[in-house]
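A, B, C and D label the chains in the order they appear, each numbered from 1.
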Amino acid sequence: MERPFAITLDVGSSRANHTGSWRVERPVYLDYLPPCNDACPAGENTQRWLYLAESGSYEAAWRALVEDNPFPATMGRVCFHPCETACNRVKVDEAVGINAVERFLGDVALDKGWELPRPGSAADGPARPGTASGRRVLVVGAGPGGLSAAYHLARRGHQVVVADANAEAGGMMRYGIPAYRLPREVLAAEIDRLRPLGVELQLGHVVRDLAAERRDGAYDAVYLGVGAQLARRTDIPAGDSGRVLDALSLLRAAGDGSIELGRRVAVYGGGDTAMDVARTARRLGATDPVIVYRRTRDVMPAHDEELDGAIAEGITVRWLSTIDRFEGGKLVLERMTLGPDNKPVPTGELEELEADTLVLALGESADLSLVEGLDGVQVHDGSVLVDASMMTGAAGIFAGGDVIAGSRTVTDAIGHGKAAARGIDAVLGGEVRAPATRHELASFERLNTWYYDDAPRTIRPELDRIRRQSSFDEVFGSLDETNALFEARRCLSCGNCFECDNCYGVCPDNAVIKLDGAQLDGPPQRRYVVDYDFCKGCGICAAECPCGAIEMIPELI
Amino acid sequence: MRRDLLPTDAVAAGGTPEAADTGAGTSGAIGDDPGAGRQRLRFYQVGSFAVGNRLADPSQRTVQSDATRSNSLDSGHRACQGCGEALGARYALDAAMRAAGGQLVAVNATGCLEVFSTPYPETSWRIAWLHSLFANAPAVATGVAAAMRVKGRSDVRVVAQAGDGGTVDIGFGCLSGMFERNDDVLFICYDNEAYMNTGVQRSGATPSAARTATTEAIGPDPGAPFGQGKDLPRLAMAHGIPYVATATVADLHDLEDKIERATLMRGARYVHVLVPCPLGWGTASADTIAVARLATQTGLFPVYEAKNGSVTSVSKIRRVQPVEAYLGMQKRFAHLFGTPGRPDIVARIQAIADDSIARFGLLDSHAGEPAERGAR
Amino acid sequence: MRIHGRGGQGVVTAAELLSVAAFREGRFSLAFPSFGSERTGAPVVAFCRIDGRPIRSREPIVEPDALIIEDVTLIHQVDLFAGLGPDGYVLVNTSRSFEELGLTGLVERFSPERLVCVPATEIALEHIGRPLPNAVLLGGFAALCEVVSLEAVAMAVRERFGRVLAESNVAAASDAAERVHQHLKEWSRARAD
Amino acid sequence: MLEQIEGSRAVAKTVARCRPEVVCAYPISPQTHIIEAIGALVRSGELARCEFINVESEFAAMSVAIGASAAGARAYTATASQGLLFMIEAVYNAAGLGLPVVMTLANRAVGAPINIWNDHSDAMAVRDAGWVQLFAETNQEAADLHVQAFRLAEELSVPVMVCMDGFVLTHAFEQVDVPEQDLVDAFLPPYEPRQVLDPADPVSIGAMVGPEAFEEVRYLAHVRQLAVLEQIPVVAAEFERTFGRRSGGLVSSYRAEDAEVVVVALGSVLGTIKDTVDERREQGERIGVVGITSFRPFPREAVRQVLSAARQVVVIEKAFSIGFGGVLATDVAMALQGLPPEVVSVVAGLGGRPITTVSLRRVLQAAVNDRLPPLTFLDLDEDLVRHELERMAATRRSGPTAENLLRDLGVPSGHIG
């Protein structure tokens, strides 16, 4: 077509006009640290596996999860999920049910028989097929920390032996957590999955002389994860009639059914263990267990859902009470008030509470006899001191879990095990990796929550109350697939592109290019790049990015 | 994620998870077990609000999420940073292009859109496009439509587009004629509420109290006067044409849906799209979509559609906002705030918003109320 | 030819019919109205030139050879006879005489045998049923000055109108022509007397 | 076939035989009979494949034509006077976009005072718009020029306006040989647009052009008009071959070869002038006539040739540029630059005032006797004007001129002519 000069133009010719020169700020895609990841003591890349789960790529999601934590089915049951506490979605409606999705993935993995990654295949470690390092590591204690360390060490190509005094592996997971929260077959199955990695479990093996053990076994390093087994006691005058137990003994005995409790059980303490004890007592036949706690609910260390679970099962709490004495089937309690700094202050007021058994759930201390006398190992306030790589003052001896100071949870222990494995690997001649730079936190303020649809979280199925009071059946059921998918899709993907196409769509200058990146472990990843030839720097993409993954950065002038 | 698959009210209001289910096809095999069953994808993550979703079936995606969208208005145009009209025009025409299978001709009135898109020697359009004059886009489109009809090109759809000046003011005569004859044209008004091309002067679509270069924020009644201006969508409805709709650049799904629906209809259709102008409104260029959203969430810009002269659906307000939230982010209303500010004027604007909410039943509590209630 | 009447009486049509009649007889003719935005009832003038060679001039006819006056009430409003030569033809639609119309003086200025009154409206009512005097007058005019034949007028009428209306008009025109002939015969007889 | 037919109807039938695909209709006197007749032809099916659109204004009429033409359809409309001025922006636009719209202009004066009668003020108001403007002398020529107009327009992608005097031609019944359909079809090929809105081959039509190229665009439009100038005689010659009669061309000349005084005019007044000239010739005066058929583009060379031998050129024109004088005379004078003829301008026939032989005779006699000033107003009622000038001089609030004049005239509405 012969086109008239100037008034008729060929389509799309304006692409010759590079409007990028107008820009004073440029949008840049960044990856921020999601608060869930940030809060996870086990260092899970929570958002990543939720992202994969969202597309129904459950195996990919599970694989991303076990990069950090080999026990999803377990953790999906027992973790106190600080990820959910940190979750930004709380400010929209309710936190994403991350823990429930983790459990779903863990259960699907067990169901399908998915195997953990092969030894020497750590994504964040050196590539060493099998046990190619030729190094041996002794892990003392087959609790969550020890097993986690063993797993991560095995994946780094080291030969690992786990020694534990108990007859079964699992540590507190096995002996401290009631079965209604964690069915034993689930735990066993996840622990068994470690064996193909070459992790050797020496159960019933009591380690008494660490130096000798290390020398005899030619271990290049040791991880100490013996936990805290020594029940803390308090001086309560008690007559003959009063039966006083400690929490760990009770829980352990309940596990093998070797205990009879009276009808009236009082539990002294305010942590999760106190809740476990009271609820266990209920299942063992106590008609009305009572928890005695010195302070008030808002300062109680037990997690809300544990307390709620206990109350739902008919357990009562005597708030602001201490036990003065235990005599003649009666507990004498003293009323307290809260003083400054939430310290309980006695009032002198006394009252009585009938009780056949008093269980003390006042916490446990680590048995540090194993490290006594070891050169360099420093102990402070009942805890072993470790450095950032989890190494004690003694070369090659690492420690984690309840023996070190800090939060005493299964999740923390798993995180310690992983960190220690990394530290041990470094000591054993692996590459010394600089710790990954922690990205800036993806704060709620970064999000544009308009785009997220209203979606209250899914309620996990709960066992009915009658059965909860009489059996050790698991209280919480699993999410079915639909619910798990729903829950995963509630993730806001804080601070990380999740390919909603908003930037691609809202750019008035078509200056966002949609990529078509094939991805091995999931659906094609279609992130975006900015075409700076045309981007005028208006910032709409950043303002309208739901997850706050775009930052406007001033152009250098 | 087509809205026509959904109960309108539920989606508009956000609704319950079940109602808000976007119904977007299936995800195919779940996990690694092909037999695990097919299920409907739910996008609670971004609901039906974001442009796209990586999990959506390609056939259900918005036009704008499509890597092969036509980009009817391409890069290199000379619109200001954050131009709502550039965005709205691409949204609308890409949607129309998809609906028409690429068989589309667009006619453009004089105005920003025309000036920034086609300065010799470059054009940003990738479609057959004609600019004639400021006032005559509807008539020119009528001519194009007539030519297509006489040539048997029933496959070609004709779109005319103009800013608010070219629509409600200078172009209204031609537009009304086009409506009245029920010519086979989809007319799209990109309403940025003033003559932006010439430097922000008042138009018949300028809201009360807004500062423009011809309604300065001076004197006892600063900004555009109250009690003036044209509500063109309702005037269009009064012509009894088959389709009238309002939309904004803040709700792409709604906009695309309406444009696609309108494109495929016959006769005179009118879609009125609110397109904020960072320059004229005095908003940050990044806030173009946010301010459009607030226009809807305050009720000041009701989003609805009408067929044959009657309102058939409204987009409910999802998160109702006071007008201050909307006015406060625009410099053209800056004289209403600060010390001493003009709370009396803000209250009058709030009354306009309340009226609009009542008239169109924009809140669930108003659902079912009679739409007509006094003059705006 | 100049035709005077009022809006709605078919003055323009009369001029056009006359031109068509002339065309049918192989002559050149040009008919045109005194262009205006006249509404029904307003005074209207139309013109028709007839010639044996092409007509180039388009000026209004200020010196007509013939006048047709469709409405005598115009006599006191418009200078109907302006420019008419002493040998001019005048055909007036009236059932009265010039004397009765108070135009005695006028009659004296022109050739009396060329001044004819014909009750065209009455004839129209009789034949057509409506007061449409224009074709009737053309019939009378054909008889009066013989610039066109009655047959040519009939052809023009038949071209213009539907069959029924055309035939009633033709009949009325013939009637008027007959009356004019009659009048002329009477006049020449009277003159011979 | 020869018919005794109204000019409007002859044009309507001719336009219909040109097979326009889109016709835009908005009524204005004296154009109404044309669009009414085309409307009826469309309704009856005689003009098939045509969209007849009753628009809401002349502005819309031209705009619809622009859209239709840009989309590849043959587009036609008709207007007059105020209508032309109401659409003037679109008139310029159609030309600027190079769209071959054909429009009949039933020439009429432009108000105020409002006046429905014929003169050429309307055509002159758009002479710079870039349209070809052809003036018809008779209704035969009016009809024939439309066939040539479509041909010229589409060959050169330029809009063409056929100007015919309102009422004088549009409402005149005369003999016209309406171009036969088969001959029109042979003469006028289907419209093949130079540029078209085609989704399969999209372009942007109607770009904004800044100072860097606007002059060039305008110059190219001028070059296009010069090409039209070349083409008009070619098309007219082909028309004569096809239809067997002369029509159109750039200029027409009548007894001008040996004339000392040549009258130049546009449109239907040429007939009256020719009659007057014949009469003067009989008196032995060497007077001739030149009609300008193509006013735009202006045939400078042809005018120069045909007038170069004259002693005096009298331009009689139905429009003038207030504050200066004759428009056509200016063009003619420019064409004759450097040549001996003296050019004078006689403004005549404004607002429908009859141009009579009597008055023309007077003008020609004055011309022969070299008594014509450079600018004359034919038949100007000088007493009336003087009276009004005096009144205006006497009191500032003298009232509206037109009404004052009417009062002075004491003319009732039904004056003759």
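Here are some notes:
Criterion: a residue touches a chain if its C-beta (ideal position, glycine included) is under 8 Å from a C-beta of that chain, and two chains touch if they have at least 3 such contacts.
These figures come from a predicted structure and were not determined experimentally.
In summary, the chains found to touch both chain A and chain C are D.
Across the two interfaces under comparison, B-D and C-D, the one joined by more C-beta contacts turns out to be B-D. Centrality annotation: B (chain centre taken as mean Cα position, compared with the mean over all protein Cα atoms).
Our note on geometry: chain A versus chain B, Cα centroid distance of 47 Å, whole angstroms. Inter-chain centre distance (chain C to chain D, centres taken as mean C-alpha positions): 34 Å. If you average the CA atoms of chain B and of chain C, the two centres end up 68 Å from each other.
Shown for chain D are the residues that touch two or more other chains, namely 97, 201-207, 209, 213.
In chain C, no residue touches two or more other chains. For chain A, the set of residues touching two or more other chains reads 6-7, 9-11.
An unclassified topology is adopted by the chain contact network, corresponding to no line, ring, star or complete arrangement.
Pairwise, the chains that touch each other are A-B, A-D, B-D, C-D.
Across the interface of their complex, chain C is touched by residues 2, 4, 6, 29-30, 116-118, 166-168, 171-175, 268-272, 274-275, 352, 354-358, 412-414, 416-417 of chain D.
Of all the residues in chain B, the ones that touch chain A in their complex are 14-17, 20, 27-33, 36, 39, 42-55, 61-62, 64-65, 67, 71, 73-79, 81-84, 86-87, 90, 117-118, 120-127, 252, 278, 284-290, 293, 319. Per the touch definition, chain A reaches chain B in the complex via residues 6-7, 9-19, 22, 54-59, 108, 112, 450-456, 481-482, 485-486, 489-493, 498-502, 504-511, 514, 516, 523, 525-526, 531, 533-534, 536-540, 542-544, 546, 552.
Here chain B touches chain D in the complex through residues 102-105, 107-108, 114-115, 117-121, 123, 125-133, 135-136, 139-151, 156, 173-174, 176-177, 180-181, going by the rule given at the top. Across the complex, chain B is touched by residues 21-22, 24, 49-51, 53-57, 59-61, 63-73, 75, 89-90, 93, 97, 197-199, 201-210, 212-213 of chain D.
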